[in-house]
Amino acid sequence: MDLRRFGFILLIIVILIGVVVLVGGKTVPAGTIIASMLATTISVATPLTLGAISGIFCERAGVVNIGIEGMMLAAAFFGWFAAILCNSIWKMPAMPSLLIGVVIAILTGGLMGLLHAVLSVTYKVDQIIGGTVINILAVGITGFLNRQLFFEKGSIFGGQVPHAPGVLPRLPIPILADLPVVGVIFRQQPIAILAVVAVAVTHFVLFFTRWGLRTRAVGEHPRAADTVGINVIRVRYANVIIGGMVAGLAGAYFTLESVPSFEPLMTNGRGFISLAAMIFGNWSPVGAWMAALVFGAAQALQINLQFFRQQIPPAWAFLQQAYVVGLIPYILTMIILTGIIGRTTPPAADGVAYEK
Amino acid sequence: MIEPVQSTVWQKLEPILSAAAVPLLAVLTAMLVGAIIIFIAGGNPLDAYWGLLEGAFGSARAISETTVWATPYIFAGLAVSVAFKGGLFNIGAEGQLALGAVASAWVGYALPDLLGLNLPAWIHLPLAVGAGMLAGAIWGAIPGWLKAKTGAHEVINTIMLNYIALNLTSFLLNGPMQDPNPLNVIARTPLIAEGARMPPIFPGYRLHWGFVLALLVALLIWWVLNKTTLGFEIRTVGANPNAARYAGVNVARTIVISMTLSGILAGLAGAIEVTGLNYRHELGFSIGYGFDAIAIALLGKTNPLGVVIAALLFGAMRNGATRMQFLTQIPTDIISVIQALILLFVAADAIIRWLYRIKVGEEKLVLTRGWGG
Amino acid sequence: MKSEASMEHSAEPVLQVKGITKQFPGVLANDHIDLDLRKGEIHALLGENGAGKSTLMNIIYGLYQPDEGEIWVNGRQVVMHSPNDAIKHGIGMVHQHFMLIPVFTVAENIMLGSETVKKGVLDRRGVARRVRELSHQYGLDVDPDALVSDLPVGLQQRVEIVKALYRQADILILDEPTAVLTPQEADDLFRIMRELAAQGISIIFISHKLKEVLKISDRITVLRGGRVVGTTRPQETDQAHLAAMMVGREVILQVEKSEARPGDKVLEIQNLNVFDDRGVRVVNDLSLELYAGEVLGIAGVQGNGQSELVEALTGLRHIHGGRVLIQGRDVTNKPPRAITEVGTAHIPEDRQKFGLVLSYPVTDNLVLCTYYLSPFARRGVLNFRAIDENGRRLVEKFDVRTPSPYVVASKLSGGNQQKVIVARELSRPIRLIIANQPTRGLDVGSIEYIHREVIDMRDQGCAVLLVSAELDEIMALSDRIAVMFGGRIVSILPAARADRETLGLMMAGVEVGHPEPVQAVT
Amino acid sequence: MRKFVILSLVLAFVLMPLAACKTSKEPDCKKADVFCVGLVTDVGKIDDKSFNQSTWEGVQQAQKELGAIVKYIETTDAKDYDKNIAQFADANYDVIVTVGFALGEATIAAGKKYPNVKFIGVDQFQAEVVPNVVGLIFPEDQSGFLAGALAAMMSKSGKIGAVLGTDAVPPVWRFGEGYRAGAQYINPNIEVNVVYHNDVGFDKTFTDPEWGKTTAISMIDKGVDVVFGAGGKTGNGALLGCAEKGVMAIGVDTDQYYTVPEAQSVLLTSAMKLLTPGTFALIKMAKEGKFPAGGNYVGEAGLAPYHNFEDKVPADAKAKIEELTAAFKSGTMQTGVSPAKPQ
C-alpha cells in the first residue's frame, strides 16, 4: 500500500494537533489538549469515514458517486423520523426506537443507492448528473417533509417537535477506556465504532474475497469481467446499493448518535468532504479513513484555536479567523489532487457506463 | 443521396424538434408528480399551481419579478452550459458567482473613495461589472488550469473552491468589507455608488437592463459556440479530446478557456445581481444558485437559447413560490422537489421516452469520464 | 504437416453449430452458419475482416445471442446465455484484445470468475500452484505472481490460454492470436497449439493470414459476408485458392505501381529518442531519411515503438532526444498544428478514437484541422458556406458513401469513415504523409482504394511513411522497407529485395547479414 | 404522433390552473371586522427553532386569542424582502411582522408606502421614527450579562464557555459579549471562552447542532464547567453536549427547560429573550388601537427559573442576580456592550 501517502497524512494530523498544543500548552496541560483534540477528531471523522467508504464501494465498481451528501441527508431524516415515530407515537422504549431508526436510515441509503444505480447503470445517465439529481432531490424532499410532518398544519405531532428518544449510548472498552490521554479513543458511540470496523471490513472484502476481486475487476475492466462470466450490471448494482447503505449509516450518525434532532441541510457538505477524503486516500479504505481523520483534526484545530484565542501570539493573529482555518481541508484536497504527493489513480473504468 | 439543400433544412429542424420534446415532457411530468406530493401532503395542487402561475405572470409586476429572478439564472445556466460543451462539469458556479458579486460590489463602493472622485456611470458601471467577471474568471480558471496541467478533476476542485469562496466571502463581509454605517448590523457591503448602478428599465418596476444583457449574452454565447473557431475548438475538445489533439487543437489551452469563460459568466451573474438589483452584496444571497444552474443547463440541453427558456421557467417558479405560499401556505421546498424531478427526468430521458412512447434516440451527452486521476 | 494426435480423434464432433444467424442493425453478420469441430483438431476459421468470424465466436462463447440456429456440445444441444454457460460446457476463448486486468496479478486474472475460496478468503496460493502445474503440463511458462501489466504480449496471450485451461476448457477459441506476434513468437504459439491438440484439446483458430492457416490447421472453413463459403483441408488447397474463397475473386496482392523516382529529402530523423507513457524508452536513437516520391514502409510487430515514433513525428509525444526535420525545417517538439502546417498529413491508428469526432457531421470532420484557415474561417468566424462546399466536393471526389455530407460521422461504415479521414488529410497541400495502420479493419474495396490514393500521392511527389502490422501491405506499397524492432531500425532494404522470411526474422530482432548497407534506391 | 402528445400536454399544462382559479378563496382583510396578521421571515425557514419560529408562535397566539387570520411567507432570497411584504400589504393585512435585522430597511420603506398597515420589525432597532412601524428589540446583552454573572458564580474551575451562532448576527453577538462582561464583572480574572460558528454559510450557522455539541464537549474536556449555548439548534447542540458530560448549561431565548428536555438535568437557567410574548403584545396593541407611534418597543429579557438547580444555586448568588436584574430594569446599571459588533 501507499506508505508515502499515509506517512504524509499522519504527519499532517500530528502537525495540526501540535499547533494547538503549542498555542494552548501554557494554560491547559498538553495531555488534556491532545485528548480533547482526539475526541473531536474522531467524532468529526465518523461520518466522513463512512461517507468515503460509501464512495469506495461505488467507485471501485466503476460508478462515480457524488450523491453521498444527498444519501446522508435523506437517511438522517428518515432514520430520525422512524425513531421518534416508534418512541413518541407507538410508545416504544428509547433503545429499540433508536435501533429501528438506524435500520431505516440504512435502508433509506440503500434506496438512494438503488436510484443511483438505476440512473447510472441501467439508464446510463452521466454519473455525476445522477449524483447531482440525488443531492437536489434529497434537499427538497427532506425540507418539504420536515415541514409538513413537524410544523403546524398537517403535522402528525400537532406542531410540537416530539420528544426524541435521545442518542445512542457510549460503549467504553473496559480497560483501554480508562487510559490517561488516549482513553477517549476507546469511549465511543456505536456508529463511530462501526465506522472503524467498516474500514477494516471493507479493506478485507475488497482485497481478500471473491466479492472484492470481482468488484475491482468490474471497476477496472468490465468487459474482461464479463467474458469470465461475471454479471457486470449485478455487481455494480450490488456495490452501489451497499455504498448507499453505508452512506445511510453515516446519515444515522447525525440524527441518532450525535444529536437527537434533524435540521434541513444538516449534513452541511460533509458528503462532498467524504468524497474528497476518498480521493485523498486514493480509493483505499485505510487511506480514506486517515484522510477523514485529517479533516477531523482540521475541524478540531479550528474549534480549539477559537478556544485559545487569547493565547495565540499576535504574529499568528490570522489563525483567530475561523474562516482561515476552515480552509485547511479544502486546500489540502486540492493539493492532493494535483498529484504532488503521489498520483491518485481511480479505477480505470470509474464513471464509464458499461455497454455490452 | 438526398438533395443537399432540403437536407440542410431537415438537419437544422430535426434536432430542435427532438431536443425540445423531452425537456418539455420532463417539466410537465415533474409538475404532475409534484401535484401528487402536494396532494398527499394535504394541500390543493390546483390552488398551489394557480398561485405559482399568478405569482409568476399574474401582473406586470409579477412578470417583472420573474425576469429579476431569471437574470442570474440565465448567466449561471450559460456558465454551466459552456463548461458542458467543453466536456467539463462546473459545479463551482456558486463560488464564482459569490466572488463576482463581492468584487463588483467592492469596485462599486470603494473605487470612488480610492480615487477620491466620482466616476461617471459609463466608466464606473463597466468597471464594476468587469471586476465581477474578472473574479469569476479567476475562480473558474483555477480548476481549468489544474485539469489541463495535472489532470485533477474539475468536479472535486470546483466543489472545494465553492467552500473556499464561501469562507472568503463571509470573512470579507463580516470584516474588511462590512458596511461601516453605525446603524448597520448586517454582514453586507456599503451601497455601491450611483455611477455603478444599472437603472431599471421602467420606473417602479425592478426589471433592469441586466435582463436584456443576459439575453444578449445568451445570443453571443450561442454565436461563439456555433459560429466561431473558438467555439469549434471548445466543442471539439468536449466531443473528442483525442481527435482534437490530433487535429492540432491545443486541448490544454481550450480547457482553460472553457472554464474561464464559464467562470466569467458565473461571475457576471453575481456582478449583475449587485449592480442591477441589490446595489450591494449581502451575505446569504445566492444560496443554491450553483445546483439550480446545473439543472437549468441540462433542461436547456446546454443550448444557450434553451438555457434562457429553462432559466425563465426556474425564475418563474422561484418568483411564483411566494404567491403560492401566501395563498396556500404550502412550503416553498416543494419547488426544490419539482426542480429535482425535472432534472431527474431530463437526465434519465429514457424514462420520459418510455412514458410517452417517444421512439427517436439521440446520443446522450457524456460529460464525465471518471475522475481522470 | 499435421499432428498425429488430431488424426486419431477426428471422429466425433465436440462442437457443432447449426444455421447460426445474427442480424445487427444494417448488417447480417452471420447467415445460417454451420460448423463442426472434432476432438483434438485445429480448425481454422478463415475470412477477411467483417466476414463474421468474431461474431460467430462471440455467439458460441455466449457474449451474443443468435437470432436463429443451434449450438451442440458433445452431442447435446445447449443454449449459451452468457460466458458462464460456455465455460460450463468447457469452452474457453482467447480474445484478440486480451481480456486481462493490468493491475491484477496473473493468478488473480486467472482465478477471476471461478475463484477458489478458503474460509471466505481467496486461495491465492492454491491458484498459483494450479497455474504452475498447467503451464508445466502444456509447456507454457507463466509466473502466477507477476503483474500482467509487466508482461510482454506473447506471455499475456499465454496467460489467456492458461485462463481457459484453468476452467477445464477442452474447446479453445483463439481469435486472431498471431496479429500481435512476430513470426517466431507465432511459431512458439503453434507449437503450444499442437501440444494442446495432442492432449485432446480442440481448437478453433481464427485468422485471415493464409500462410499460417495452411501451416497449422487440420481443417479450414472459409467465411465471407457472414456465410460459409466452404470447408477444406490444407493439403487440398493453396494460398491463391483460399484467397479467392476469402474475397470472392482473385486478389491483386501486388498494387501495380511505377518505379519510384525519389526527389529531395522531405523527412529527416536524427537519433530520435522517445519514451512511452510509463516512461520506458521505446524509440531508441532512431535515424531515418525519407525522400519525395517514395513510400517507406516500416515493418514491425506492434509494440516495437512504431506508434510512439509516429506520435513523436506528428508532435503528439514529447521527444527526449534527437531532431526531426521536415523539408529542412526543424519541427522537434513543435505542436501538432505547426507540423501539419509545414505540409504533413497524418492518418492516425484508430480512426474512431483519434481521427474523427463521431458526433460531428462529415462536413465538420472534413475541416477538423483546417477549420481556422481561410476560406473556412475569417478573423475567427467560421464560414459555413465554404465548409459545406468543401464537404460536398470531397465526399464526391473521394467517393464517401453517405446519404448526405451532413450526416454525423458515427452513421458511416468503417471504410467510409476512413475515407473521410483520407479525404481530409490528402486534400490539403502536403509533401509528407504519415500513415499508421491506414487499412486496419477495412473491406478489400476500401483497402484497394486507399492503396491507390497513397500511390497516386507518391507519384505526385509526396513522401509517404507507412506504418503497418500487415506485412503484405508493407510489401505491396513500399519502395523501401525499414524493419523496426525494440525501438530501433534494424535494417532498411529495397522492397524488391525483401522477402517475408528475412523480414520476419528481422522483425524478431534476429541479425541478418546484408551484402551492402542499403540507402535510398535510385 | 410525438407532436400530438406534446401539444396535448401543453394544453393540459395551460388549462389545469385555469380550471383551478375558482377554487382559491381569500379572506377579505379589507373588511374592518377581519383582523389579518402576516409574517415575513428573514432568509431562513419558519421552523428554524430560533427567532423566526418564536415570532411565528407569537403570531399564532394572536390567531388563538384575537381570532386573527394569520399567514407567513418565507423569504428565499434577500432580494424578495419588499416583494414578500407587499404580498400582505396589497392584500390589506392589518399587521405585518417582519423578522430579523436584515429586513429593517425594507420594513421602514414599506411603512412609508403603506401608512394604514402596522409593521412590527422584530430584532430591528429602528432609528428613524415612522408612526406605523415599531422595532421590537431586546436587551440581549443584559440577559447575557446575567447568565455570565451566574455562570461565574457557579463555576468551580474558573473556566466558563459559550457556544454561539455567527457573530454576524447582532443579537447573538450581544448575548456573547454580555455573557463575557457579566462573568468578568463578578470575577475579573475568570477565563471566558466564547466560540462563534462563523465557518459555515449564513443559513447553516443556527442549524448545526452537531458542531455545537462537538464544540461544547471540546471545551468541557479542557476544564470548562459552565457552558452557555446560544444560537438556534447550534446552541441546543451545546446543551446536549453538557447533558452528556454532566456539566452545567445555560439556554437561550425561551426557557429551554421545556424546549430541550434532554438537558433538563444540567440546565442551570436560560438567558431569555421573550420573542413570542413581545410579538403578541404588539399585535394585541395594534388590534386594540394602542399601537406605539413608531420608534422601538423593548421586549422582556432576563433569566428563566432555575428548575432543578433551585436549591443548588446558593442564596447569595440568587440575591446578586436579583440585584443586577433590578439595576438593569431601573437603568442604574449598563452592560457596556455596544448595540452591534464594532467594525
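Some observations on this one:
We just call them A, B, C and D in the order they show up, numbering each chain from 1.
Here, a contact is a pair of C-beta atoms (placed from the backbone, for glycine too) under 8 Å apart; a residue touches a chain by one contact, two chains touch by 3 or more.
Worth saying up front: this structure is predicted, and the values here are computed from it rather than measured.
Among the other chains, D has the CA centre that is most remote from the centre of chain C. Distance from the chain A centre to the chain C centre is 47 Å, each centre being the mean of its Cα atoms. Mean C-alpha position of chain A lies 32 Å from that of chain D. Taking each chain's centre as the average of its CA atoms, chain A and chain B sit 30 Å apart. Within chain D, the positions touching two or more other chains are listed as 198-200, 203.
Within chain C, not a single residue touches two or more of the remaining chains.
Residues of chain A found to touch two or more other chains are 143, 147, 264, 323, 326.
The set of touching chain pairs reads A-B, A-C, A-D, B-C, B-D, using the touch definition from the header. Against chain A, in their complex, chain D makes its touches with residues 45-47, 49, 60, 161, 191, 193, 195-200, 203-204, 207-210, 212-215, 217-219, 221-223, 233, 236-237, 240, 261-262. Contacts from chain A toward chain B in the complex involve residues 59, 64, 66, 118-119, 123-130, 132-133, 135-137, 139-141, 143-144, 147-148, 153-154, 264, 269, 272, 275-276, 279, 321, 323-324, 326-327, 330-331, 333-334, 337-339, 343-347, 349-352. Residues of chain C touching chain B in their complex: 314, 316, 335-337, 340, 346, 348, 353-361, 364, 368-369, 371-372, 377, 380-382, 384, 388, 392, 403-406, 410.
Residue ranges on chain D touching chain B, taken from their complex, read 1-3, 5-6, 9-10, 12-13, 16-17, 19-21, 23-24, 26, 43, 71-74, 76-80, 83-84, 87-88, 91, 101-102, 104, 125, 127, 166-168, 170, 198-203, 339-341, 343.
Those residues of chain A whose C-beta lies close enough to touch chain D in the complex are 24, 27-28, 32-33, 35-36, 39-40, 43-44, 143, 146-147, 150-152, 161, 163-164, 166-167, 184, 254, 258-261, 263-266, 268, 299-300, 302-304, 306-307, 309, 322-323, 325-326.
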